[in-house]
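Just passing along the structure, written as structure tokens.
Going by the order they are written in, the chains are A, B and C; count residues from 1 in each one.
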Amino acid sequence: MTLFHVLDILGIISFAISGSLVAMRKKLDPFGVFIIAFATSVGGGTLRDVLIGAKPVFWMKNTEVIFLIIASYFFAIIFRKKLKYLNKSLFLFDTIGLGLYTIMGTEIGLNYNFHPIVIISIATMSASFGGVIRDILCNEIPVIFRKEIYATACVFGSITFLILHHFNVNESIIYASTSFIIISIRLVAVRFHLSLPTFYTKK
Amino acid sequence: MTLFHVLDILGIISFAISGSLVAMRKKLDPFGVFIIAFATSVGGGTLRDVLIGAKPVFWMKNTEVIFLIIASYFFAIIFRKKLKYLNKSLFLFDTIGLGLYTIMGTEIGLNYNFHPIVIISIATMSASFGGVIRDILCNEIPVIFRKEIYATACVFGSITFLILHHFNVNESIIYASTSFIIISIRLVAVRFHLSLPTFYTKK
Amino acid sequence: MTLFHVLDILGIISFAISGSLVAMRKKLDPFGVFIIAFATSVGGGTLRDVLIGAKPVFWMKNTEVIFLIIASYFFAIIFRKKLKYLNKSLFLFDTIGLGLYTIMGTEIGLNYNFHPIVIISIATMSASFGGVIRDILCNEIPVIFRKEIYATACVFGSITFLILHHFNVNESIIYASTSFIIISIRLVAVRFHLSLPTFYTKK
């Protein structure tokens, strides 16, 4: 079991727990909560696989993912009252997941020999669209469109990966640097409540 | 024309009528009503085909489906005032459709040699996601996430199918048993207003 | 550079600007505005490619599209206050885009030898679903389901294309006629505030 694999599992768990919590706040029934947990966890990667044309989508080949989500779902339900104290660990897991999915998305894009701008798009979607789907299913404007620097961190992470890869840097250093960039941007953004500046059209 | 084919047609018709009625209640224009009818009817199977990688999606190869939806759409528009008396027949058709799409989804999953948990997911999506897409397009939280046992019936139906299939039970008995389980669960749930219990996080 | 190519570029630009403007009105952050611009511009064609099974989706092979969207996005942000005077040109571009995407969708459908009703569906989706996705992401009922004749114009355009194609009419005449039909329907509809008649179910 590699470090990559451990991080992958942590990412899936964390996204599944985050989806369950949001769905419970919306007072959905247990089936609805499960669907939201599932969609949050695999949504980004599923969209990636569908757009690339990888078939079938990853979680149909790797069922471990489904069992991890089921376990995380029960965990979130059982410990739903305690989880408010876990906010910090959740944020950490979520950020780790974000970093990892960006790395995975970038690697997959490189394997397909896509143009860098396409690879960055794929990596960002892999990492952040689970949350977008979660919010659409809950009938809200996706939170990443409104608050805090989130997907932006993936964009910079993926660019870092591509630059280092271009110069043939060792793979483990690429992984570490990409994760470091993403985690740092997220930590700084949340710590100082940084958002992207907005502009709006007067009516 | 087999019984399977008859049920398939009834399922498509019933989902198309249910979509048309919901869209008319939302006061959409005729084009919008048609899109909702179409999405409700083929949405679940389309998602299934896209995720599995079956190309093109089923209704592009089998255009009979499109003409059935068009006919159901006009039927729903013309008889929109009478259809309130048809609620019971609609509920029946809808439940038949649910049973049938679960059977079809399970069979397709078996043909692809997926893991049982993946097959159950595919079957449940085939049967219930048309309604989810309908509700998202109408800007509502999907009703199956909130009320009554619906997708849960598909899960139990698909499990029944897989168990009987494992023991090499005759196909027509598998079909009948799966349908029986799904229809019974739905009837009991609606008759006694059963929902899954909910839990929610205190703010 | 052919006329077809010029129109293609104008269509992408116009849809990207329209998406940016809607997202800014919703006060999304810059990343959200970009995603909406992107989804509005490529959403219809992406859905088309995913349903047909063309892989990967068109903008992963043709990155020019992504750079055009990025440029349009910055244009829309910089000139957001002036763009209210541009409404008419935008409407024109949008209508040109509508015509062009209908033509492209119809051609792609013909190449796949689909049934005419499937080709018309594909063409209409290519042209109009970018706007549907834009509205879903912004948490609104898609505007094309409610106001003015929009997708209906695509349906008639695609039918015109297929009829002329059936009689082996010269390609450039088919393009011109299809565009003419679509643009005329849109202009007349908007000029006289024509909508499809609605009907609704009394509660």
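Here is the rule we use: a residue touches a chain if its C-beta (ideal position, glycine included) is under 8 Å from a C-beta of that chain, and two chains touch if they have at least 3 such contacts.
In this text the structure is predicted, and so the values were computed from the model without any measurement.
Enquirer: Chain touch graph shape: choose line, ring, star, complete or other and state it.
Expert: Shape of the chain contacts: complete, all pairs touching.
Enquirer: If you fit chain B onto chain C using the CA atoms, what's the rotation angle, as a multiple of 5 degrees?
Expert: Result for this pair is 120 degrees.
Enquirer: Once you find the CA centre of chain A and the CA centre of chain C, what distance in Å lies between them?
Expert: Each chain reduced to its C-alpha mean, chain A and chain C end up 30 Å apart.
Enquirer: Touching at least two other chains at once: which residues of chain A meet that condition?
Expert: As it turns out, chain A has residues touching two or more other chains at 50, 53, 136, 139.
Enquirer: List the residues on chain A that touch chain B in their complex, please.
Expert: Spelled out, the residues of chain A in touch with chain B are 21, 23-32, 35-36, 46, 50, 53-57, 59-60, 63, 66-67, 77, 80-81, 83-84, 136-139.
Enquirer: Can you check the complex and tell me which residues of chain B touch chain A?
Expert: So the residues of chain B touching chain A come out as 50-53, 112, 114-115, 117-118, 121-122, 132, 136, 139-142, 144-147, 150-152, 195-203.
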